[in-house]
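Both complexes below contain chain A, partnered by chain B and then by chain C.
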Partner chain A sequence: MKAIQSKSGKTTARSSRSWRYRIIPYLYVLPLVIISGAFIYYCMGFTIAMSFTDWDGISMDASFIGLKNYTKLLTPGSIFFQALLNNLIFLVVTVVVQAALGLLLAVILKERMPGSNLFKAFFFMPVTMAAVIIAAVFRGVLDPNLGGFNQVLADIGLGGLAHSWFGDPKTALLTICVVNIFQWTGFSMIIYYAGLMSIPQEVYEAAKIDGAGFWKTLFYVTLPMLRGTTNVLIVLGIVGSLKTFDIVMQTTGGGPGRATEFLNTYLYKVGIQQYEGGLSSAIGVLVLIIAILMSLGQMWLSNREK
Partner chain B sequence: MRGIKKVITTVTAALVSVGMLAACGSGNAGGADEGLGTADKPVSIDFWAWQPVEDQWKPIIAEWEKENPNIKINLWRNADQAEYEKKLRTAIASGEGPDVFALNSGSMVTQYGKFADDMAKLSDQYMKGWKDNVSSTAIDQMTDKDGKLVGMPTLLTGQEYLLYNETFLKELGITEMPKTYDELVKICKQLKAKGLVPIAYGAKDIWHLVDLFVYLSNEFGEGDIYKAEDGKMKFTDETFVKTMKAWKQMADDQIFEDGAVGVPTYPDTNDNYFAERKTPFLASGSWHSSMVVIPEGMPGLTGKIANDTLGMIEFPQVGPIHSGPTTGVDYALTVNKDSKRKEASMKFIEFMTTGKGQTLWTNMLQGSPVYTKAKVELRKDITETQRESVEMVNKTQSESKLTRKLKYADLENEIGVQMQNVYTGQSSVEDALASIEKVNESVDRG
Partner chain C sequence: MKRKLSTTIIMYIVLFIFLILWLIPIAIAFMKSLNINGFGNYLWVITNPDINYGRAVFNSAFISIATAVIVILLTSLAGYAFSKMKFVGSNVLYFMLLACLAVPGAAVMMPEFFTMKTFGLTNTYTGLIIPMVAFNALQMLLLWRNYMDGIPNEIIEAARVDGCSTFRIYWGILMPLSLPMIATTGVLTFVYSWNDYLTPLLMLRDKNLYPITLVATSFMDGRNHTEEMMAEMYAALILMMIPSVIVYLISQKWLQEGMTSGSVKS
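Take a look at the complex of A and B:
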């Protein structure tokens, strides 16, 4: 650097330093760009490309077949629509019930009653458990011949309700909803609990002075102030619903018949078990589009309310 | 100092990036076949499969290493076949597959054939006399539509059998095994009246439903189902109407556990129902003969049946034809076409097909032999029921000409789904068969 004395020399050194300053942040980000590029955007692009082919999911042999896969999926009465309907029912039931129960638990636990931390841990515990374990537990408890649940029903005089919960197409989907609610209500509870703690105490005191009771406070103070939290839970619920796979495969496998076929279980069966990689890719693309549309719709509704 | 730091951070960031790019580009180099190896330079072959399990593999690999000290085998196994296949297809698609991998007959032959070497050519070269020694039915099942032998068969398994608990049945006062469907229904009613599960059957599993459908359909029209899958018959034809009606009759007669379509074979019917003595009957395949006679060195029965004597019979005849059980190649071995260790791989395949590996494995009763000269050796300390059961299984498997698996996975899936719909009353027999035929007509037969 000593040699750089002239005006032009100073400029060269500054220029070299500024080049290094400019390049360093990019180099740090580069690994992440490569990873996300390879594992997310490349895969997404590959899936979109394959969705227009008859790819078998194993080899690299794939012929362009235009929109044939999409036509098959979007034909009225197709398995895709049945799976989509199951997903939507699951979405509505689980999001609403999980949010309601989660809020209820959060409101109760916000009151500093003895053992509230223990209850929080108790309700949150299923969230930390693997879906495969939860599914195995429910499969055992709800087994139509050996399970404890039917036995309890019989013992309390409700033996007429004893049932093959996963084996009856009329109850299988709702039973899966119950399993999911059991697992994820604790998550809603914790998110709502955090939201409740951020509401200033002065607001509640003002409501109290104005004569608001428990229910008025809940509906006119708590719920409006938790709108952002609810929106987050709905978006997470939409994404979670569209991702639902393990709990279904471990309990019903999509059956009986197609009573609990979900988009992801259908995608898996078509792609992995039936070697129709092209069709499976098309399902994946449609799931992505549905997820984007639902999330955008939810955000639009939320913004309109504001 | 600040300048040095900047240089170090710049270089570090660049190295991380370059390293990652380099990692993405690694791959295997090619080369000539490595032969059979020498004491100084042994050959290692990678072998992927879903079985043998650890207890079965130990004596097999010990014998192999004794016979072939210069060929090392690296086994990677996942007992869950679906998981095994997931890893296999990813590896094969990226050109990184193992030297030898396991397949079974049915759709795997169609899908993995392009990655397999021509096994007939390799066998001609390295396994002299194989055509005379290996079951021709098994060879046919592993041959694809273009006539290429995709895998060398190693074990046969078939359906449909009834595993029964002789000790438990005697305690219940049942000493005669059912020979007809009517006798079976009568015994099931007796069991239900005693508060027991009549027959444990995992009707949640599509594979198990299809096994039963193929078995039953052959009793109403032997061989018709294979014509139908080739598009030469329709699934709405009489044979299949009678088959599906027989299945519906089974549901109406309640011969299986309540909610059977929600109960899987493993672990539920096998471990929770049969092994816990909730039922004396398990509808299953020939592989359960390894529960009837516990092979030497294998762990014994567990649960409440630990001290019981078990036996097996063919599932009582339902239709007018006694077609007998189906058989299928449950386990075949193939050489990856990109392998550089084909000679060593074929040595191992010969060992498992017509060599000592075949003897050891079939003596473990995991399946029936494909080697036509094989004789399964049973332990001496077994009862007549056990001996007769295993001999019956091996005899029916070696004599059967009826293929267990269908060629097209989407057709199999639809059959299973529609059987569940018929069982639960969601579909009529006619609607269910129409749906199956619709899928059958859309099958791409190349």
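Take a look at the complex of A and C:
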């Protein structure tokens, strides 16, 4: 009897212990799941729900208005399409230029000439700085009256080019691209550098045996092997473009007119400044849809390559 | 691979052209910051109560350090659980969390602001730290899980045989083994939070709580009227860049590793 009791007692102890063991993992992930997961999913659900209403963004009342917000955004010639186009131009220009310049720098730095680590550290530094502060410096330097850049142009005999870089609708968007390129070229450089380092030395040995010189090796061996790296940069460029807000707010605020309106600046203005929370949420939903399609596309691409 | 002398020279020329292009805006800003009053402009910025430089640096530092510490704790715990423990639904949960990486924070700014306002957390540090933790934690979770996957299971088994509790294993064994990961995720979160502009823009009206990014923008407006104002503005911007440069110089290695590790793998 005693033996049975002690045996059963032991079993209970073990099962309660294993019950505790089973709950521990959940306790470990719970704080993150609540603060990060639940918060973000709640925000997404809230955005989707509010996009079908005339919510003002600050009060508790909102009434259902169906797809009105979406039809307003998706009429041809709407500000939304203008902003989408600006995002797209920005995406293409910045990704292409940053990749080209970053690759050029990486190829040179990989030769490990004296001083190359200093150059690498210097070009990467803007990546770690605040976009608004870099944008503020550009906004100051490119100020048409007292900024200094137009003065420099005049000094080197290019005074004819001087004008209001952020104020002219023809150059405003490209100037914003320049600020982004200034900040992010170092990032492309580092990624390509890592990609170059992962190419096995034997490949170069083989090229050498085949009699390929420096330039031939570069164009026929190195560049084709970096295709995966380039794909990564394109994906990150798309994500970055959908996040772009700081530089635009700081330099042009979306103007002149709507010449540099981005999806996020439009969303911010409509929701926070014009108290049209419903419409703003609809923009948010469309941005989310684009973002999700992009990441599904990326997954599809990377699966296909395997 | 043979490299001719001419190629080496061309490479240095290209590097120096880049260097000059990248230095132009910084050089103009620095030279102009010394206009009229010389380094007096810097003194003016530091002592100006409207800018409140010291307070802005403190606000940025406090918010960023708090965010980084919380993110390290949350993501190391969760990374440990996802990597080393078997539990029902772990894969689904992990996938659902990582799916949030695709969400651009700006797209959900309306509910973010509204929720914090409802809980009375606008104009508080907490109201800034919660969204910053939420959006930074996912990338760090990815890094932590990969790192924990690389720690051999035998270490944990041995500790369990010796009678260590799960938490003792985490705190006493895994965390001391994870110092490089603590540094990488800590520095990354710190820098991302320091540079965040949208979250404080949404949450703060009280100028006493403004971090550097908000001071930089609110200070810019209407500053382009006289040479002296421009000089002071440049001095302010350079002073605002200095903390970032210091952090970069100290933590360069971890920043480069952290920012590239996620992207090169995929």
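Criterion: the second predicted complex is superposed on the first by the 271 of 306 C-alpha atoms of A that agree within 3 Å, B and C clash if a C-alpha of one lies under 4 Å from a C-alpha of the other, contacts with A are read in each partner's own complex, and residues count from 1 in each chain.
In this section, contacts are C-beta pairs under 8 Å (C-beta built on N, C-alpha and C of every residue); 3 or more make two chains touch, one makes a residue touch a chain.
Computed from a predicted structure; not experimentally measured.
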Side-by-side fit of chain B and chain C on chain A, or clash: clash
Per-residue contact with chain A, leading partner among chain C and chain B: C
Touch test for A:236: chain B only (first), chain C only (second), both, or neither? second
Partner chain(s) touched by A:57 [first = chain B, second = chain C, both, neither]: both
Tell me which partner A:143 touches in the superposition: chain B (first), chain C (second), both or neither. both
Could you tell me if A:73 is touching chain B, chain C, both of them or neither one (first, second, both, neither)? neither
Can A:272 be said to touch chain B (first), chain C (second), both, or neither? both
Look at A:84 in the shared chain and tell me whether it touches chain B only, chain C only, both, or neither; answer first, second, both or neither. neither
Regarding the shared-chain residue A:24, is it in contact with chain B (first), chain C (second), both, or neither? both
So, A:252: does it touch chain B (first), chain C (second), both, or neither? first
So in the superposed three-chain picture, is A:226 touching just chain B, just chain C, both, or none of them (first/second/both/neither)? neither
Pick from 3-11, 129-137 or 219-227: which stretch of chain C gets in the way of chain B? 219-227
Just which bits of chain A does chain B share with chain C as contact spots? 24, 28, 31, 35, 57-58, 139-140, 143, 145-146, 272
Could you pull out which chain C residues touch chain A in their complex? 1-4, 7-8, 11-12, 14-15, 18-19, 22, 24-26, 28-29, 31-32, 73-75, 77-78, 80-82, 85-87, 90, 93, 96-97, 100-115, 117, 130-131, 133-135, 137-138, 141, 166, 170, 191, 194-195, 197-198, 201-202, 212-213, 216-217, 220, 223-224, 226-227, 230, 233-234, 237, 240-241, 244-245, 247-248, 252, 255-256, 259-260, 263-264, 266
Complex contacts: residues of chain A adjacent to chain B: 20, 23-24, 27-28, 30-31, 34-35, 38, 54, 56-61, 139-140, 143-146, 163-169, 172, 252-253, 255-259, 269, 272-276
Spell out the residues on chain B that touch chain A in their complex, using ranges where they run on. 6, 9-10, 13-14, 16-17, 20-21, 24, 82, 85-86, 89, 92-93, 107, 110-112, 114-115, 197, 204-206, 257-264, 268, 272-273, 276, 278, 409-410, 413, 417-418, 420-421, 423-424, 426-427, 444
Using the touch rule from the top, collect the residues of chain A that touch chain C in their complex. 21-22, 24-26, 28-29, 31-33, 35-37, 39-44, 46-47, 50, 57-58, 101, 104-105, 108, 111, 113, 116, 119, 121-133, 136-141, 143, 145-149, 152, 182, 187, 190-191, 194-195, 198, 204, 207-208, 213-214, 217, 229, 232, 236, 239, 242-243, 245-246, 249-250, 264, 267-268, 271-272, 277, 280-281, 283-285, 287-288, 291-292, 294-295, 302
